[in-house]
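Once you scroll down, you'll see the structures, which are given as structure tokens.
Two complexes, one shared chain (subunit A), two partners (subunit B, subunit C).
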Partner chain A sequence: MSASRHDRVSWLRQPGVLAALPAAIFLLLGFAGPLAMVFGYSFMPPKTFSLMQPPTVENYISVFTDSYYISFTWSVTLAAITVLLLFPICYPIAYGMAKLFGKWATLVTVLVAVPLLISENIRLFGWVLVLVKNGIADGSLQTLFGVSMSGLLYSVPAIVLGLVYVYLPFMLFPLVIGISMIPDTLKEAASDLGASRWQIFREIELPLAMPGILIGGILTFILALGSLAESKILGGQAIVMIADDIESSFTFAQNWPKGAVLSVLLIALSGIIVYALFRRIDLDQIIGRR
Partner chain B sequence: MSEDSSSFLELDSITKKFGDFTAVRDISLKIREGEFFTLVGPSGSGKTTMIRMLVGMEQPTSGEMRLQGRVLNDVPANKRPTCMVFQSLALFPHKSVGENIEFSMKIAGVDPARRRQRAEELLTQLRLPVNYYDKGVNQCSGGERQRIALARALAFDPQILFFDEPLSALDFRLRKTLEKELKDIHKETGKTFVYITHSLEEAMVMSDRIAIMKAGGIVQVGSPHEIYNNPVDKFVAQFMGEVNTLAVEKAGARSVRGQADGATYQVSRMPEGFTSGFLIIRPEVMKIGKAAERLKNRVKGVVFNDYALGSRIQYQVRATATNEHWLVERLQDDPYEGKVDDTVSIGWQPADSILVSE
Partner chain C sequence: MSSQANRTSRTLITVWTVAVIVFLYLPMIAVVLASFSRQRYFRFPIPRWTTEWYTRTLESLSVRDLLWTSLSVAALVTVLSVVLAFFGALAFARYDWKGRKVYQRLVLLPIFFPQAVLGLALLLWFSVLGVTTSWQTAVFAHMIWIVPIVILIMSIQVYSFDPALEEAAFDLGATRWQVLREVTLPVLAPGIVSGAIFAFLLSWGNFPLSLFTTGADQTVPEWLYSKMVSGYTPMVPTLGSLTMSGAAVFILVIYLAWLAVAARRRRQMTAPDD
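For the complex of A and B:
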């Protein structure tokens, strides 16, 4: 068919395009726009508040020569630890919810989801009351066993606890979906062919649940990478995570361009990690769609 | 422990209850080594539950299963020397054709070169191209997937192979081809095959012996020939396909009276203690028109319709007295001399009918 003038404009009137338009406009203004602004600010001279200055890479140079790699490393390390802890914690629960609990699975879903309705900060302050010196944990230990654990709060383990606690649902629910997609007959067939429970897990369950595992892993990794409240509320001055640096650049230091550079680098880091994972792992191939 | 070949696999009063529901009721059965044995029954007859107990996916509520004298009840599924081809086939979607076939050998720790050699042998035996080894199972057609599932089960080298209606999802022609192929593979391997299906026709083609199940129990066990010629009751007779059934009661030593038309029909043999039941006559032994005129057992009716069945032609005749529908078959090249809507006689020889109780 020849591309007449009429053909070139008619795609605009297609129902799919029209239906997507409101969401597209919203995303453009609310998502792409701010990102573009952050990207723009990262090339402005330090401590300026206008996007109209001549662009410079000065901020990038100063970030790379400064010691920001420390907070980047903390963020990546703690995000990785969070994912590695969440997987073994969530897998058995997800397995139960997908295959064993039956009608009780709904109750577990509600129990896991309801805390999400309460602000993350408030829930973390709850943990402060538990972990603080002479708090619930320390006080109970003193009363019951006569030992004092006063150093629980404001430490790296406390931050990890907070991250694991806050992001648990984001690992759990993708896993539930991933595991429930595995037909029981495949496991029966593997057992019939001589496989033990461990072999069934390794050969059948794990590869077929991989889409859920990857999505849960990426989701929690990215969320933990950009987390702020856990390190501030539960970590105190123990360490500085990158989101902390970004926040103080924008607020306390009043240096928007530097905050923008750190944001751009964090987004780039997340993007590279996700891209590399999906490049190496073909989800369709794993579950045999292709 | 020495066991004679007549009880290779022995089921002794097997019962399975799910809560209040009894899925399998007191089944005792002896399956011989090397035979093709088929459990046939409509859905809900307990045949799937039976086979799931045999492979170890369900536990019997009571009774004992023995393979060559060894009690199977407490042997877990992955330790039983048996294997099943699933209704859904249950091929592993994330593994290639070769990896699927080799699965049991990989589990058993067979070395990769030996595994591959055996997988390729099986591909050849099941008429699949050897280069399918690396193909994804979801890229294969229905018939190919069927063969892969069978190859995977054969690779396990089971003492008994179970089949849970694996052909039921296929179209008619492919099913017919695979039924024969399966029987050929049974002969080639010499293994004991235990097959379940809801189609007695399918069972007839392949089996050495058939057990017919109904509501959790076994109604009849026998060779296809025995079951075809001597069904024990109306259920078995009707299960075999289209038959004429007439509700009758005993009239004399060699005669019965139709409950609807009150007419008397001769039978060649009267079962002991018979009072009332059904007279079963197959459409292909029924005569119509001139051929029926001199028969003792006759019904008058109107030819309502005719159906071409390939090699045969079938007539539906509606009895004048009772409006009961009768089916009569003739060979395609020897049709009945009259026309549709003609009033005719239909009839049968006493020896061609079967008298069964309820």
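For the complex of A and C:
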């Protein structure tokens, strides 16, 4: 009894534990707390604002029997399309940055990272100006070829463009880390033994770069899954994504329990995927290259 | 033959990279072009140019309020996040302790979390706790997302930190505080600076968290969004261009300061008395 208490005290006095405490307490208050509360609200009767009611699963039933599967399906589909487009777009660039560009790789890194530091809104608004009727794409085509291409904006492809555009760096940078983990000697050896380029890619590059590929794919999938701005700014009223439904339940509809159920489902879906990822990778190895 | 193929694929990869970078900057160029267009509604090619929107934007008092709010939020987020994340990164990468692997994963979860949902959850949280939302609550909200990112950025530097340096200082009789100030902080300075830059700019540009947590106050990205949705004015691209150039100048100044520091260090290293 007293031994275990002693253990606990000595665990607490490790410098690592002390250093971890401030951020851990902060995230407990600002992240774990709100999430637990949302979870609690998902079991409250519809349209109540108190957490003290007897719990019910009514909201879950009504969400599953209602048409929310539509916005869920749209979100999952668009997120999957985004990942499938981003991988082939980013892989050659990541390969170049890790293996070919040498000192130019830093410049490419900076050029890709700078847009991240500029509000997503402004950049998506830039796409509105490009795609809108009489905008840059339409106007250029009219002037150069006399054809008009209105109706590009406020469509599903416009949303996909926005998602690919905004989340590109989140695929690219993990891929660079993944590909730089491939030793060049292995590829040379395989090539000397007569492996084709495709064989080298499939048998050596892909498996060795897998941690980076997984992080990039999952990060972009989850970010796209919960995205709000792209469908609002570029999609207009074309489709409703799940984050839209959550927002309107919490705000206009003033139905917190329903918004909470939708959040819980979204969080559960993302959570399962992240959990599967974290089980397969070693963060020390990837970030610290140890 | 093989080197020929290598050269071809190298060229292709370079061309592709340049094309994608152009793609990344195209919408920003569009925003800058629109800010110089005289038309109330954007047309391309631009028939008539003007700088009138810049004068109007810079003279507008409400724009000054927006900038001030965004600046206050970003400045406070930067200072608080850097302090929390500094210790967080030490726990993440420097010390070996039981529970570290779990901590590493838990602390990164907010990065993997949809920001709009986090913003809404925080809105409920504040309302249940009876806290009135304002720019201060937005600082709190931004930090939930930014502290983990800064921890990650600083950890990269901390991993390459040699603990023997600290131990040597302890052996020479330095106190814990002296070791922190004289050894740990200076060695980790590059990581701290890059963490601070990211914290500031990510907060400055954040929209989904601000949208639900600023209450009656408004940041620049929120205002831009509200005007995009209804009541469009050419001040949208103008203020957009101004904040983009602000960020660009900020990055440039830090980059130049960085070069200056690196050059000074190199001179010190090659000094004759060494």
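Convention: the second predicted complex is superposed on the first by the 264 of 290 C-alpha atoms of A that agree within 3 Å, B and C clash if a C-alpha of one lies under 4 Å from a C-alpha of the other, contacts with A are read in each partner's own complex, and residues count from 1 in each chain.
Throughout what follows, a residue touches a chain if its C-beta (ideal position, glycine included) is under 8 Å from a C-beta of that chain, and two chains touch if they have at least 3 such contacts.
Note that the coordinates shown come from a computational prediction; the quantities given were computed from them, not determined experimentally.
Visitor: Give the label of whichever partner, subunit B or subunit C, reaches more residues of subunit A.
Guide: C
Visitor: Considering only the touch criterion stated at the top, classify A:G236 as touching first (subunit B), second (subunit C), both, or neither.
Guide: Once the two structures are laid over each other on A, A:G236 reaches no partner at all.
Visitor: Determine, under the contact definition given at the top, whether A:P46 touches first (subunit B), second (subunit C), both, or neither.
Guide: So A:P46 meets neither subunit B nor subunit C here.
Visitor: Using the superposition on chain A described above, determine whether A:F26 touches subunit B (first), subunit C (second), both, or neither.
Guide: In the superposed model, A:F26 contacts subunit C only, not subunit B.
Visitor: After superposition on the shared chain, which partner residues are touched by A:E188: those of subunit B (first), subunit C (second), both, or neither?
Guide: A:E188 sits against subunit B, while subunit C stays out of touch.
Visitor: Based on the superposed arrangement, let me know which partner A:P157 touches: subunit B (first), subunit C (second), both, or neither?
Guide: The answer is neither, since A:P157 touches no partner chain.
Visitor: Look at A:P207 in the shared chain and tell me whether it touches subunit B only, subunit C only, both, or neither; answer first, second, both or neither.
Guide: In the superposition, A:P207 contacts subunit B only.
Visitor: What residues on subunit A does subunit C touch that subunit B touches too?
Guide: After superposing on chain A, subunit A residues 287-290 contact both subunit B and subunit C.
Visitor: What part of subunit B is in contact with subunit A in the complex they form?
Guide: 55-57, 76-80, 82-84, 86, 88, 90, 92-95, 103-104, 106-108, 136-138, 152-153, 156
Visitor: In the complex of these two chains, what residues of subunit A are touching subunit C?
Guide: 11, 14-24, 26-27, 30-31, 33-35, 37-38, 41, 51, 89, 92-93, 95-97, 100-101, 108, 111-112, 114-130, 132, 134-136, 138-140, 143, 165, 168, 218-219, 222-223, 225-229, 232-233, 243, 246-247, 250, 256, 259, 263, 266-267, 270, 274, 278, 283-284, 287-290
Visitor: So in the complex, which bits of subunit C are touching subunit A?
Guide: Contact set of subunit C toward subunit A: 10, 12-14, 16-17, 20-21, 23-31, 33-34, 42-45, 83-85, 87-88, 90-101, 103-110, 112-118, 120-125, 128, 140-141, 143-144, 147-148, 151-152, 155-156, 159-160, 198, 201-202, 204-208, 220-221, 224-225, 228-229, 236-237, 240, 243-244, 247-248, 251.
Visitor: Name, in rising order, each residue of subunit A that touches subunit B in their complex.
Guide: It comes out as residues 183, 185-186, 188-196, 199, 203-204, 207-208, 285-290.
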